[in-house]
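Okay, so chain A shows up in both of these, paired with chain B first and chain C after.
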Partner chain A sequence: MMLNAPIPLLMITPLAAAVICMLLSERSRLLVSFAAVLIQLLASLSLLLLLLQQGPITHPLGSWEAPLGIALRADGLAVLFVLMTSVVAGIAALYAALYLTPGPLRAHFWPLFWFMWAALNGIWLAADIFNLYVGLELLSLAAVGLVAFSGSKEALVAAIRYLLAALLGSLAYLLGVALLYGAHGTLSLSDLSQQMQPGVASSIALAAMAMGLLLKSALFPLHTWLPPAHGGAMTPVSALLSALVIKASLYILLRLWIELRIHELAPDASQLLGWMGALAIAWGGWMALRQTLLKRVVAYSTVAQIGYIMLMFPLLRADNAEASTLALQGGVLMVLSHALAKAGMFLAAGNLILCTGRPELSALAGTSQYRPLSIFGFGLAGVSLMGLPPSGGFSAKWLLLQSALASAQWWWIPVMLLGGLLSAAYVFRVFHYSFKEAENSDTFHRPGVGLEICALALSAASILLGFIATWPLHLLTLPDILPLAVLPEGSLEQSLELLQTPTYETLHGTSEQQP
Partner chain B sequence: MMNLLPLIVLMTSFLAAMVIFMLPEQEHRLRSLVNLGAAVLKIALILLLIQYVVAGFRPELRLEVLPGLSMILRADALAMLFAGLSSMLWLFTTLYAIGYLEGSPNRSRFFGFFSLCVASTMGISLAGNLFTFFIFYELLTLSTYPLIVHRGTPESLRAGRIYLAYTLSGGAVLLIGIVAIYALAGDIEFGDLQRVAEMAPDLHPLLHLVFALLILGLGVKAALVPLHGWLPIAMVAPAPVSALLHAVAVVKAGAFGIVRVVYDVYGIDYSWQQGLLTPLAIVASITILYGSLRALQQTDIKRRLAYSTVSQVSYIILGITLFGPLGTIGGLVHLLHQGLMKVTLFFCAGNYAETLGIHKINELDGVGTRMPLTSAAFTVGAFGMIGLPPVAGFISKWYLGTGALLAGMDWVVAVLVASSLLNAAYFLPLLYRIWFKPVPDSWPHEMITRYRDTAPLLLFPALATALLSIAAGLFAGLQISPVGWAELITLREYLP
Partner chain C sequence: MSSSAVIFSLAGIGLCAIGLFGFMLHTHLIRKLLAFNIMGSGVFLLLVGMAQRSGHTDPVPQALVLTGIVVAVSATALALYLIRRWLQLSGSTELPEDDRR
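Showing the complex of A and B:
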């Protein structure tokens, strides 16, 4: 088959599946989707093998070379995100097939789902900023459709808000793309990274793009559209949105930041992103503590976790290779473990709602007694989100903490740790309800075994990530996308000196003042 | 094979937990079988490991989880001390819990998390570096929470919340300390003392700060004053859980962590030279006296025992801070002795509550006549806590006292004497009531009338641990006794 050319396969399969699904009967849609999921999994694995054998791959579509044609490229970072998508979306598709009752609702799900997947793969593999725009736009439309398709009034309102925010974000991004093209005459990221001239036009362009992307990523205070959309959508959709869709704009932001060397040229902007992230952690956590609906808790947790991911930007320091490498590793690992854990948590929350029949937290009393498996799935995902060991979330936090020390930005350490405690507070609040004495006997419904397994598989994967994190981190070095991140031997000691000098001086200074 | 043993030890409890979670609620017999089978198997495996360690081997398994950062499971002499204690007490606590929870709901959940707790404790004892230690230290927090809130009443939910607030915050502080020491010195494995000792002198203030952070983080679980607030509140949990918190796992994990930091990360020589031990000794002394004073004020039996734990665990920490082999032996051996004696006392308190509904101290009048064997076990435990020979507690205090004199810290002896007097003051009135007050007309709430004393499954563990407490004192000269083992560790620590 075409497995030796996985890149076009990754693009064409979801698009074809979307179109075919629209044409076929409902029953056949399911079959087509299963076949397509399988192809996607195989294609992403073969892309991984190709990357490991040959290094990063560039694939011109339709034989037109850049800058005229569209090029797709797969480096380690892109392949990591392709794999993440295949795992999470694959399991979410299985869950959706079991969760959605046969009927028009399920029928509408599949085309939208496949458009979403196509858009995601397009974004991960895009090599130019206009392709990224196309991907973003397609992604937004598919995601809005997925939010709206349950048809309830709240869902429609949430979808409209989401649509407005997403369109505004895309417009801002497009404005930036146009300005950059006007100034430099190219759209390719690699060309831009070489030709980029600091100037007013570039600054405005990048600011507009960043604003648009932050709005789409729901970074505080631009997050208001997210909780109703993610919390109100149907369960498999919530999982896809929180785990994958918002990661797309974050991914683009990270690409721009590194490849256009924003982290080097505008460190203040990085600090700003970090502080917005810190506020997001506080606000998202605080709001999650105050929700009465289970899925809203999980949705606000996403707001907080986006903030966590943002903390990697101020730690990407051009003048400190050690700190930058750790920050990139930690940030990407945070994205991966959040994708797995949040998808698992939304699915587990959906199962709990199926058990109780009501969306409120207070309905959970007694579930830990009668439906321990559902609570267990939620708990495993919670461990990773709280950043407790052993989990991918903990390893990510560890790397970010190390990075904060290595770049002597100690103020991010309390932010991360207090953020972790805040997430522990809202996760344990859910347990608190589930452990309450229930007067009634076992009156809960029983979600299907398949549904439980889907949730558990994703949650367990987020834990497992803590043990095998060296493996995805190895992919990040294919190639080293941080230009300065090549660590010579003994650089650890050097950066330690960087770290210790100021800390010691402050200590020394205070000890001298006191006597 | 030998190097796989630490992992197998860990897995026996972990797999037992998974199996128990999967078992349907009504499979009581099968669940008990899995539980006890795993507990016995674990003891056998630990004994096997001890053989290797005595012969000078150091079985170890490692997995690189992040670049330059490994998870290490390793059986050294200190690990065997704690693992041996936990696995032995585990068997008795499991037996006790099976008897205690007979007929109550949610046993599948309870025993599942119970086994998860012991798995975490094994991980804590077998951890070969601070990173691995931290993983299991936090896992212990997570797996104890469901046990504390087990009853689902508002008080137990509140206790669970307070427990988490204390321990997770402590964990966060500990994490800062661990991350900082990794940034300073890299992946320090336990026992690799060169890294800290050879650090440039201008880094020493930073190392002291990190030391303080580590102790602060660990001090929450070790219930150092003023971080002890969670322990008396967690009293609402069922008696087997109290035994777990006070004797087998949780406070011990904190104390054991402090032992590791002082002996195997910073090294006793360095800590002593840099004057890190004296502040710790002062905190431990304050905790010892404060805990005893508060114990004196309590009217509830379990609360009095809880404050007694606050006080007794700091004997371990006090012993560590006394530079010199005798102090070290005293601290390490008390890790075991306190566990044996306190678990006995909690079993007995649970028996009083479950058999006759006795919770308050003034309800103990004359109970020695009704429950002579339980009361005898309680008396042994109390004598041990006071430090009367031949019970094990005497040995601890003897080593601590002579260790203090050798270390030139004479004031510690005064602390020990004062605390022994306080121990006597809060335990002897109980014993007086139990044995010498007249039997009341009726008990507060008599639940078990079939037996002369109490149900065999509740009685046997209490008697067994009481006998072990005496045996540990009587046979202190044998190599397999706690003292013998602590001497072996001390020998290896001071003469590497």
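Showing the complex of A and C:
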């Protein structure tokens, strides 16, 4: 049991940090938080080593077996998300410590931040559908608190809208849990995947759960709450919301889809998700082009990128293992690279707003000349969002394209290309404003160098992900992760070969080091 | 399914529908919140009611409903706090119509 120590540690540390932070003075909150970030990083790394050594792990908390106790499970997918959270939230915490001025505002940030992190880890590691619900609710409450805590009128309206959408989404999900439990008598995902009977109750249950999760993921046309909440929150909060919080409901949807074999039972529903994703790409990109506030551009870009992630669902085909594997790998890589790039982009946007002192796009004139570092961080993240090589976003789109070709669903290809063009358009529009001559260039402020480094680190990581893409994909193909991953011999090598286009000589080196 | 289970389940579904109706229709924030709570009660009733079919009482849904009630109370408390703050700042009990884009 001691061997599994990283798993309970990943749950207990953030919860303990949240409670301890509430009791301490503001200075000590910072110290406790840094210590806890360090523990989280070490715990997620040791969980990764554990996974590589002994494969997927199930851990009953406090040795109480399910159904009375809570079982946690760490497989390749879960560990990837745990690592993503540790990296992004760790850097965002550093940014927040530098960004928020000392005072009650900064003091309130830490407990909410830690509850958010606890909820995220709880969701990644949950092995049953009810713990996923508890995680979702804790996540929503913490995230709404984070949106509201700047206290302005706009933030409050955004927070109330977000809360109403989140509550409705959670209840729809819980309704599905109730129906599934009534029909099957179990909550465990792995039991459900074996006992799943197609029927009226299961169909209604899954439809309700999917609706709730889509509302929480802000998939078009259920996205209206997202831009004010993500665009209006304080910068480190925006980064956390867009990079991590929004991924939680997508992760649950993916889990349900694969483990309960919805992609086999209801291929039409998968197609529907894909088409909603396509509309999200078009609408999010178009609206991002029309915004006048910098952070709103980035927030609408999130709406579009969620659409990209949804494209993986119609590509998960029961009759085509190769296409499914590529789709899963591409979709997950898309989630990872979006997390890094969007967090980097929000932080860079926050730095630009600090430079100019105004949130409008038009205020950016002259920034490229006087504050090139800030605009460079924004541009690097933009490269990954556009999907230009050699970024993580490019590898993800490449895999999705290959999957669309493999399953002969050519109609997703123009959707992806159009999305790339729209992303390029809204990123270059920001550049366009920043290259204008400034009349008042002497009024620029200088954001702290630490803030710049945080933004650059995340943006650079999203590019770097393109070079080491085989490594996260390898984790996805560990044995018994997902029913889907029961792959024909040699399919991992196949998909890795696909990645080795001429720009990818570097990949060869990394793929050889795999144990 | 025993007849009491059917009654519980149907009542749960009815409450859910009423709650959803109110949640969508009302603009007053407190009414919206009450509708959410009614919907929550409907889901809890369904959870306990549907699991009774084998004749004996199943402890798992009871535990789930207890957890669910705790979550719903916390959510309601947070919502009430935000709504009250909004009333103090704007003097209104409804959200503004614009900003919906």
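Just a few scattered comments:
Quick note on the criterion: the second predicted complex is superposed on the first by the 473 of 515 C-alpha atoms of A that agree within 3 Å, B and C clash if a C-alpha of one lies under 4 Å from a C-alpha of the other, contacts with A are read in each partner's own complex, and residues count from 1 in each chain.
In this text, a contact is a pair of C-beta atoms (placed from the backbone, for glycine too) under 8 Å apart; a residue touches a chain by one contact, two chains touch by 3 or more.
The model shown is predicted, which means the values in this text are computed figures rather than measured ones.
Once chain A of one complex is fitted onto chain A of the other, the partner contacts of A:Val144 are limited to chain C, with no touch recorded for chain B. In the superposed model, A:Ser46 makes contact with neither chain B nor chain C. In the superposed pair of complexes, A:Ser423 makes contact with neither chain B nor chain C.
Chain B makes touch with chain A in their complex at residues 21, 63-67, 69, 71, 105-106, 108-109, 134-135, 138-139, 142, 145-146, 149, 151-153, 157, 160-161, 164, 168-169, 171-172, 175-176, 179-180, 182-184, 186, 202-203, 205-206, 209.
Residues 329, 368-369, 372, 376, 383, 388-390, 394-395, 398-399, 401-402, 405-406, 413, 417-418, 420-421, 424, 428, 431-432, 435-438, 466-470, 473, 492, 496, 499-500, 503-504, 507-508, 511 of chain A touch chain B in their complex.
Of all residues in chain A, those touching chain C in their complex are 67-68, 130, 133-134, 137-138, 140-141, 144-145, 148, 153, 156-157, 159-161, 163-164, 167-168, 170-171, 174-175, 177-179, 181-183, 185, 187, 224, 227-228, 287.
Within the complex formed with chain A, the residues of chain C that make contact are 9, 12, 16, 23, 29, 32, 36, 39-40, 43, 46-47, 50-51, 53, 58, 60-61, 63-64, 67-68, 71, 74-75, 78-79, 82-83, 85-86, 89-90, 95-96, 99-101.
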